[in-house]
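Each of the two complexes below includes chain A, the first together with chain B, the second together with chain C.
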Partner chain A sequence: MSVVEAAGTDLHRIVASGKWPAAAGKVPIEWLGAIRERGAALASNLPIPDRKLEAWRYTPIGFLTKALYQPVLEGPFDAVQVSDVDELFLDGTDNIRLVFVNGYLATALCSNIVHADGVELRSLGGSMGEPSDELRDKLDQVADKRHVFAALNSALMSDGALIHVSANVTEKRPIELLHISLGLEQPPMCHPRHLIVLESGASAEVIERYCAIGDGAYFNNALIEVSLGAGSRLRHVRSQEESAKAQHLSDLHVRLGTESRYALTSVALGSAWSRTDIRVKFAGEGAHAELDGLILARDRQLNDVHLSVHHDVPNCTSRETFKGILDGKGKLVFDGYIHVAQDAQKTDAVLANDNLMLSRSAEVDTKPQLEIYADDVKCSHGTTVGELDQDMLFYLRSRGIPLARARQMLCQGFAEEVFGRIVGTPLYDRIRRLLAARLYETE
Partner chain B sequence: MMTSTADQMEDIVSRGYEHGFVTDIETDVIPPGLSEDVIRFISRRKNEPEWVLDYRLKAYRHWLTMDSPKWSSVHYPPIDHQAISYFAAPKKKEGPKSLDEVDPELLATYEKLGIPIEEQKALAGVAVDAVFDSVSVATTFRESLAEAGVIFCSISEAAQEHPELLKAYLGSVVPHTDNYYAALNAAVFTDGTFVYIPKGVRCPMELSTYFRINAQNTGQFERTLIVADEDSYVSYLEGCTAPMRDENQLHAAVVELVAMRDAQIKYSTVQNWYPGDENGKGGIYNFVTKRGDCRGDRSKISWTQVETGSAITWKYPSCILRGNDSVGEFYSVAVTRGKQQADTGTKMIHLGENTTSTIVSKGISAGEGQQAYRGLVRMAQRAENARNHTQCDSLLIGDRCAAHTYPYIEVKNPTAKVEHEATTSKIGEDQLFYCRSRGLSEEDAVSLIVNGFCKEIFNELPMEFAVEAQKLLAISLEGAVG
Partner chain C sequence: MMLSVKNLQAEVDGKEILKGLDLEVGAGEVHAIMGPNGSGKSTLAHVLAGRDGYEVTQGSASMDGTDLLELEPEERAALGLFLAFQYPVELPGVNNTHFLKEAYNAQRRGRGESELDSVSFLRLIREKMEMVSMKPELLKRPVNAGFSGGEKKRNEILQMALFEPKLAILDETDSGLDIDALRTVSDGVNALRSPARSIVVVTHYQRLLDYIEPDHVHVLAGGRIVRSGDKTLAKELERRGYGWLSEQGEAA
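Showing the complex of A and B:
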């Protein structure tokens, strides 16, 4: 009697199989063993999300039951040439660029890799040199309160960047983590994993991008950990430009030390289904976080952002601004949670979520939340949902601008508040171009 | 400032519950426990028609299949539903025909509470259907209401005298399958109020029911049904106080409102049930399902509530905006102090075109009070040009209290406009300083600021209630500030 294979993807079975990715030369990465086991144990105990779980009530994961996703257990993908992907590169930058193809570092595509003093740049797979003990010890220390996908990432992480900036060192050149995915006949499931550690007084900029070659189906399940020491500064730019058939899930965990600064600009334009969990934890006083996001959901896209900000210590401030643009049958889910612990006096947090609906069949489900256990705080959130202002449209049209162009201009202006933060960079130009094209297409 | 505050706080906390006293009158109570037999007993005692019993049994059987909800932010030990007595009726001698015949002890209770039954006739023109432990014992102004064609009676009477109306509307807004406590209520509801305003009638006075839980260990399962037929208007007042006791008491009421074309219902609540002692012992569990259905075009339902009592308040007075151009409103002040918990808010379900809703919620959390605003605004696909504005503000007093805001916003129509704003803060030091520099005591300054904070809501209350509400707020918060 043969066992009938289920058509869908069984996450628990993947974990139970006990097959973990290997580094180049098919050698298992030994020092990851304990983390993988921990992740696997956690993943097998966590439920597969369904609508009954509050954090997933608006975000069905039906795609998992429709196809058999295969974790990518072997890399790297040397077949990909620079000429295949150079259109994805940002022109005119001196970014330190690390390129990952289906979750594995592709050394031939990287550029500007130099090891400056005080900056340790390694990869999980080990092809950039062995990571220091310090870095190894920090891995999997920031991420907490995970759902099954994040736990799965810990079990199945394939490759990723390990970045360590020593005390009082400033890395001037942005470090770009470019993910390039290729759909295969059996859709691959990739598990990139990154760790960014800034020691006290250090500062750096990280650009994290997700792109595709072709329009194949695949599932990216990424996890990023950021640990910021006292007085350090990190600028973090994320851009999700996955293929139209892709599923994208990323889990970002940030811990802020005393008087550190964290600025995030996150733009989600692509994928058929995406979910981003951003978890920011204040661990030292006087820190400040600025989190901005832009989400575009069109056609049958479902894009979900779950933000949770934990003010666990006094005197920290945070600003969250997330904007959504919906078109076609797009669906957007936003959950913005601010938690202020009992001792976190003098917390100041402001969250805003504004959504623009351009079509009759789109849907927005937004849920800003405040949970406050301290009294001397200033917290607020605001949410709006509406369509384009008819008066503004009329004004533009009376100046001879066609309707489609007028709509696009207004949307662009709406979106600019978020991605305008990176104005002057090549990525800004790229996002602007992509956004314009996508908003035009929808007419 | 901190020490004086701590002292004052202690003073307030240790102050007894001002409305805590138990009236000693013989009560006809059935032994604790819930079964089909108990439901049959209740139904028989109330001489209910067969269909009401069937409705109860259907609800009971459904309830048995349900689990008590766990999703809220309120915490309480599991309730043993077999330990509750489901029926308590004051002994009826002959049935009072006027106030003179009402048990004088009862009247004395009302007087202690300051409910001016007699005065109201002359003063405010308020008709009172006073519910004393599940059975209506005094009804006034019946005649002048009857003249206008308004039906204002207990649900039991309605089952006898207006079965066709009751049958048409009972459970039509809150079905017996709606939630755990609504199902329980549908099975065992003992009494409550039925109001019917005929077409084109503006109810000549404000209707009011004072509920009072009196017998030990009896949960109250009130059922209120208000139907405003086309082009009518009614304002309904509900106010509550309860005597002191040790056992937690479950209060699982259901309120259903139906507004037909061009009708308006204004429903106001002042709730000041026993909140438990300083250790959180005792106190009422106020788990109520309140929902209004704007069935006709241009109808309007307005909820106003001032919640200062109960150990746990857990309710979401909601509006289903079915008719085009219908309007839903929710104005709320909730105060939690000591160990009180509140999880309250509203749901505005926009189905019709041009529907509008307004939500203004003010939460004040002091001492170890826990409070959550939880709300849903849903714009359905055909809710063309629907509008919502939501404002939730929380005021924190003391570093052990908590305030949470959980709004859900679901929009499926691009022409709908939704705005939600929420703030949480403590009383501004600068505001306090300003008032004090003008010679106001700290207490007066706080009272001034808090009253200003709640003014929007109090303005929505009928005059008599506004006075009571301000008094309640002052008693609840005196000196609780630092």
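Showing the complex of A and C:
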């Protein structure tokens, strides 16, 4: 009789091993030491999620027990050439593009890296120069509440962008963080980590994308921290286009200062399993957040968005619009939580979650929640679940448009409220096309 | 015959609506089908266009010799059948120009013709818009969404002008139109009259026929054509109402 070793991944054992990623040249990044240890200590004390944890009830992580995921401890991956990945690049942009391959900055794939006055662009791994104290001091300070994966990211973060825009500086060119993942026989577990700091009156746009070469299995466990100073403005576009066998987890933490503006467009189209936690905290009065998302859950795909918005101070407004499209045996989880603290008078928040079911075998678990402790607020939430409209389908077909294409067009139309936020950009064309291609594949 | 309908019987939700309808429309002719509410006018229009939920239990319908009832709605459109809706459907998030171009090129593909590129298409659609006096900004909006009643109907006639169908069925195109909009829409339709194009105008009121003059008028009652004549029949209906004919229809 042969002994079969358990193939699963033990997160606690990974932490206990004490092996942390090194930068280029295999040198540990010294200034990260304390953060890693804090993350490791936290991770070893946090439970591995199962169905008994309310926040994970509909999002089982069975994939971890089925394969041995290996944290990527060394980079960069120089073997990847521009010609291997240029189909993932957006056409005709002058974006400042940072490319990460399996969690490590790939210098040869980056473009338009120009250091403008007042804009500090560094990488965790150090290959773009030493980060300033402002950046070092902020790292790991925005993220507050965490689950075990977020803690694990702090322990195992490999590389990422550190962005600092000085007071009253506007960076006009979008900064694109393009993650390219490559599945390996033993699926890699990558830990990209980004920090975006806008000082008072600064303004910038960040595009965060997750793509793959090939259709291999891997697990991305990313964490992004955003700190917005008084009167600053950030447009943040996220597009998850992972491979069909991938697992994707990302944890986004945003802190809004007085009268700052944050606009998020978050699109999840890929992966076999994904979970995105978005945690937005109002820390200064008069701030506004606009959070929009489109989530696709195709056959056997599970995509989850956990949104939690904390109105801790008065006079802030937020709009949350998340739309889901489900097909086959797809599963979609949406948890939208808005907390209004006792002092947060004159809060104005509107949460909407609309879902389009293309199949009767799909499942959506949606839970909007408002928890309000102030007495002078304007808050509402609404959820809908519906099917494609037969009148609309017939109208399109009566105009000569074949059924499959008519369905695609109506799905694109449904997504347009979210996609429309970035209309006119190359990413808009790309995600519209991707969405259509992933639904009712034609020709 | 451009349209040949023989003994057509159809039901909706198990209820028999068309009870043996015969209609022959020659090339280049304009026929009006009039009748009281619930007589089956809209059902006839939808059955010909191929809408789901209308079950044909007997009879036949062919266009230019091709059996329509065997075809999907999109195939009928590519063949040259066009239905102008009584209530044009709003399509939120679907850009009007994009929709028109998709539809135009889908019909061309359906006929084995090459597609028109974006620049040529824009030139073509601008030309057609002038014909129906449609505001150019309506091209940038989602299809029919937030359009006024008149704008929706103009958008229908714009499509008729664009697709250049062999057979156009106008379902209650006058409903919800004020007199000015009615005139523009009718002018658009009249400009599209041609020896190669047949038009079937389905309407409850005679009013529209003052603007679009039919060659033949039929009265539909109780699921059958109960009377046919020339345009003077429409005038007679306006004077006498439908009552006297429905009774005849029921009795027949």
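General remarks:
The working rule: the second predicted complex is superposed on the first by the 436 of 443 C-alpha atoms of A that agree within 3 Å, B and C clash if a C-alpha of one lies under 4 Å from a C-alpha of the other, contacts with A are read in each partner's own complex, and residues count from 1 in each chain.
FYI, a residue touches a chain if its C-beta (ideal position, glycine included) is under 8 Å from a C-beta of that chain, and two chains touch if they have at least 3 such contacts.
These numbers come from a predicted model, not from an experiment.
Once the two complexes are overlaid on the shared chain, A:Y395 sits against chain C while remaining clear of chain B. By the touch criterion defined above, A:Y440 reaches neither chain B nor chain C. Of the two partner chains, chain C is the only one touched by A:L403; chain B is not.
Contacts of A:A415 after superposition on the shared chain: chain C is touched, whereas chain B is not.
Touch counts on chain A: comparing chain C and chain B, the chain ahead is B.
In the superposed model, A:G386 lies in contact with chain B only, and not with chain C.
Residues common to the contacts of chain A with chain B and with chain C across the two structures: none. For chain A in complex with chain C, the touching residues are 389-392, 394-403, 405-406, 409-410, 412-417, 420. Taken together, the chain B residues at the contact with chain A in this complex read 71, 379, 381, 394, 396-426. Those residues of chain A lying in contact with chain B across their complex are 54, 342, 345, 355, 357-387. Chain C meets chain A in the complex at residues 49-52, 72-74, 76-78, 83, 85, 88-89, 91-94, 99, 102-104, 106-107, 110, 142, 159, 163.
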